[in-house]
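In the two complexes below, chain A is the common chain; its partner is chain B in one and chain C in the other.
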Partner chain A sequence: MAKLTIDTLTKHFGSVVAVDRINIEVEDGEFVCILGPSGCGKSTALRMIAGFEHPTEGDIRIDDSSIVAIPPNKRPTAMVFQKYTLWPHMTVYENIAFGLKLRGTADATVRRTVEEGLELVGLSGYEKRYPSQLSGGQQQRVALARAIVLEPKILLLDEPFSSLDALLRVRLREELKRIQRRLGITTLFVTHDQEEALSLSDRIAVMREGQIEQLADPSTVYARPRSLFVADFIGDMNLFEATTDAEGIRLGSSLLRDSGGVEVDRKVTVAVRPEELVPAATGVPPEETWEIAVEQTMDLGHYLKLLGELTGVGPVKIYLPKSAHANVVKGRVRVTPTRYLIYSNADAPVEVVKRPHVVAR
Partner chain B sequence: MALLIVYPAALSVFDTLTATSADGSTRFTLESYVTFFQLPDALPNLWFTLRITVVTVTILFALCFPIAYYLRFSTSQLSVPVRFLALFPMFVPGIVTAFALIRFLGDNGWIENILFSLTGWEGWVSPIAKPQGIVIGLVWEGVPVTVLVLTAGLSQVPNHLIESARDVGANGRQVFFRIIFPQIRRSVMIVLTLNFLGVFGAFTIPLLLGGASPQMYGHYMANRLYGIGQYTHAQTAAVIMFLISAAVGTLYVRSVVNQRMEKGE
Partner chain C sequence: MAAQAPSLWTTFRRNTIRSFAAMLRQRWFGISMLLLLAAFILGPMLNVLVWAFTDARIQPPRLVPEQWSLKWWGETFTRLDVAGGFMTSVGISLTVTLVAALICLPASYAFARMKFRGRTPFLLSFLMVNAFPRFGIYITIAVVFFRLGLVGTVPGVVLIQLVNTLLFMIWIPTAAFQGVDRSLEEAALDAGASPLRVFVQITLPMVLPALSASLLLTFVGTFYETQGALLIGIPNVKTLPVVIITLINHHIRQLGAVLSVALWVPSLVLLIFAQRVLRGGTLAAGFGL
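On to the complex of A and B.
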């Protein structure tokens, strides 16, 4: 298999910098997601790897040899696009066989490979159908088969499931992961869907305005987002403006005693995941707990989502196990964070883990 | 439509296929066709018309396809003036075009004068009074619609279908012949049939350009009718033109219907 190296890759469109000196190494057999909001440059980066855009600067290497000068039809990459890209005048069989035939593969081998490809994506028996006779999900599966049968060194996927409905998206995501594992193919997947990135990737590169904000495995990106942008973009997060003083961190009338060593008199942002705000035990000093006025309770099946207001600070989200609902009394609940991150400047955040005083869930 | 088109057309066809006997009864006969084709110029003019039509349609396609292709895929600023120039003839009436071409290409026209004043060359032979003159005029007239239809057909092939073909290994030629062309087959068919119908039935340009003989059928028919007053011959010529056009028109209608059905309309 193969290793992909993206080295200070840059793309300018006129005066607009779409991709700004990004570096990613995708190891052999690894599944890496580029995650970011629309317009962050993720698709442009992928298109440069596929050969549809020429980098302004930087290099792309597969197994340490540069592919920048190679036209897209000769690159050892294969791409699955966001839009449906099956050729409408060809059957499913012809679509998948097209690339193989261009390579001069013998007919018998083409037939066998196409059958294997269709079996892999669960569409055996669909050979004679035309794309217009397939659902969106089936079309994207055929597109995946069309890419995979070519045995590319690198598989590129540009939001392939974004036009499908939620349920199908989850199913295809699981299927893709299974296929990728089975084939051990080095994969780069572009998406704006954080859930997709978290569930698929070995590592995630979070992009913003052409740059990579953080490149790490999903649990690190979730637990210790490198920047406020990542903190806000990945998962649900409570962000509170606060200041540090001699006693700790002040959030309105509430206090966090542990300021993680951040200097006093600094403006900081405190980030707390909704599931890391838990009902405070009775013994906790009141000034160290936060009283939340609950405005809305949503039953999300396996947990409760509370939307409320932290007095004098701002809106807050809390995920509670259903068993903890008794802690909400007259629309109010006292909570305390078990863990929080303090962002004080451009550097990485300070993490504070606070275990005592917590009720058992 | 039935009253204004089908009825008079059927009447004409019926007229050419019947004759009134001495006793006043109507009988079926191909007499008018037999006598028509006995005219010394009827068949040569028909071949001439078909030849001019095929040559013009071929040149139009060969000329306009690259223009349409360029307009579809170019991102250059140059495509704006190219588009303007390609569509410009649409806004010029045929009769103006004919006289402009005579002034431009004809004897003592601009080309001849410019060539003479620049090089002193006197060998210019004007194509205007020859069959080539008709072809030049009809090509000029046909460019806008041809470019429009082909550009529309080409824009129905989205970039991502082309990119995905490049991605699996197709080079430029393979992308064109295996991906683009099969998807614009219908537009090509439509443009060929439309141009055939337009050129085959052209009147103004063949009347003003080209020589006195042979004549294209529109011109020939008018001559039979107004020049010599041979009503039956003119009507027979008209029916022949109509049948040939209808046959080609069927191809056009079939292309359009197939396209609609493929799109599921």
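On to the complex of A and C.
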């Protein structure tokens, strides 16, 4: 078990800065996701930790000793790749046993370890199959077993489930989490899927253009995204352009009384989660509620998703419990935010969390 | 490994029978052209076959001899020049294949795995050898070889035949190496294998079918190569095809015929072997098709 320290890690490809001075500490047994859109440098960061790329600058330490100078085949890391990387000319058994045999492990031990590994990923009895006889999900499970049996100090996963279909992806995600918890293995997981990151991680590092925008636990990242980029990237979010004045924040003809201390006459962006827009109670002054023209209602089973237009401001998404559907009258609904974030256009976004005084329940 | 595909012959036979009736009805023109083509190709071969099994001259308008005979087979294979030519051919072909493998396989790995200046032009240059009339190149080389004292020597013949092998031995393995996904090698490296072990245990087994295909093509191609061997080898080094030419020139028609028939055997054996080993479009994959 081990701690991973990524210290001002930087990678340049010619004039392109792929990874720009990132810092992450992964604690012993922790599960950390690097989340970001494609091309943000997350895979490059992971490949530097595995040893396939050499950092331009910075350091990578496992338990406080640097591994940068160690070649990939001698590093105590194991990686599961995005592509199916089982060796096609070897059976499942030979694939998993490959690394163990290299270490000179005794035959009996190899056999037992491979069996345990296959059992862990739910593929007992598949030893003699060839990779081409397995489904994509099974191949990735074997790849996971192949990495785990080596008992790496750090487990690295590079979008391992992205080529699988949605249902299988969720199932494997749950399995991975269970295995990781059971083994207590320090894990770094790279993904572009925010749902995957939210459901798996102890902490998420949101990356953009080679830099980390926010590093925090999932609920913090979701509730208090540090930047507009993170706000937009993670979960559904309504973003409204607005201006501040003496009375509060103006969104078209509507008003938000509390401007959270942002100076007047500033352009700001107001961010509201769709589930934090609720039907307004009757006592709220009309100018402090937002009238939404509903264009589409989608029944998503456990809740309703409304797509509409906030007059004079722009499109808006609302999640409503089904019981609240009566509030939609003639295609119109009055809502008020229970919580919102204000991003001022300054260099470092000011972040404010507010609760309006009256909330309908 | 992939499930066994039906052999080429089985597929061929099945499809042929199925479509034969329809073809007869609809495509009489195509069929007559096909028969004409077959006669054009098979005619000379049949002629050679007939000549190989007769003793006397065949008098026109007869197409088959009055008497069949195996006399020339014994005659041919007891000749010293034929036996010598055979040994020379095998020896030179093996040498050429080996040298080509030693030069070309590392080169093709480099072509596949490294990015360097002039990679594409260099790769295309191997195609150039085949783009020009061979004989012109051979004559030019022969002039140089003559000055170097390589004419009429085994090394000379080996060198000139190496020219022919470059295309097969560079292009097929290059495509094969390129076909091996980098991350398969990285996964092995990650599991703790040294780069050499990764090559031997991961990369090599995956390109082996394509490699054997190119080695096979090289061997067969060299065995039957005539122009270069004739031009450079004469008068001291005579490969089997050169011997055949000499014999035909001496107007002993049956000798040439017997040898031609006999020389089908090695290529037939190799082709059967190839078909067995290189199933599933490996050869096509080797060419990157």
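Criterion: the second predicted complex is superposed on the first by the 344 of 361 C-alpha atoms of A that agree within 3 Å, B and C clash if a C-alpha of one lies under 4 Å from a C-alpha of the other, contacts with A are read in each partner's own complex, and residues count from 1 in each chain.
The rule is short, and it goes like this: a contact is a pair of C-beta atoms (placed from the backbone, for glycine too) under 8 Å apart; a residue touches a chain by one contact, two chains touch by 3 or more.
Note that the structure is predicted; figures quoted are calculated from it, not measured.
Q: Will chain C clash with chain B on chain A after the two structures are superposed, or do they fit?
A: Clash.
Q: When the two structures are overlaid on chain A, which partner does A:Phe81 contact: first (chain B), second (chain C), both, or neither?
A: Touch partners of A:Phe81: chain B and chain C.
Q: Looking at the overlay, does A:Gly39 come into contact with chain B only (first), chain C only (second), both, or neither?
A: neither
Q: Which partner does A:Gly235 reach: the first (chain B), the second (chain C), both, or neither?
A: A:Gly235 contacts neither chain B nor chain C.
Q: Of the partners chain B and chain C, which touch A:Pro72 in the superposed model: first, second, both, neither?
A: both
Q: Indicate the residue numbers of chain A shared between its chain B interface and its chain C interface, in ascending order.
A: Common to the two interfaces on chain A: residues 50-52, 72-74, 77-79, 81, 83, 85, 87-89, 98-99, 102-103, 132, 143, 146-147, 150.
Q: Which residues of chain A touch chain C in the complex?
A: 50-52, 72-74, 77-79, 81-83, 85, 87-89, 98-99, 102-103, 130, 132, 143, 146-147, 150
Q: Would you tell me which residues of chain A are touching chain B in their complex?
A: That would be residues 50-52, 71-74, 77-79, 81, 83, 85, 87-89, 98-99, 102-103, 132, 143, 146-147, 150 of chain A.
Q: Name, in rising order, each residue of chain B that touches chain A in their complex.
A: Residue list for chain B touching chain A: 158, 160-161, 163-171, 174, 178-179, 182-183, 262, 264.
Q: Which chain C residues qualify as touching chain A in the complex?
A: 1-2, 181, 183-184, 186-195, 197, 201-202, 205-206
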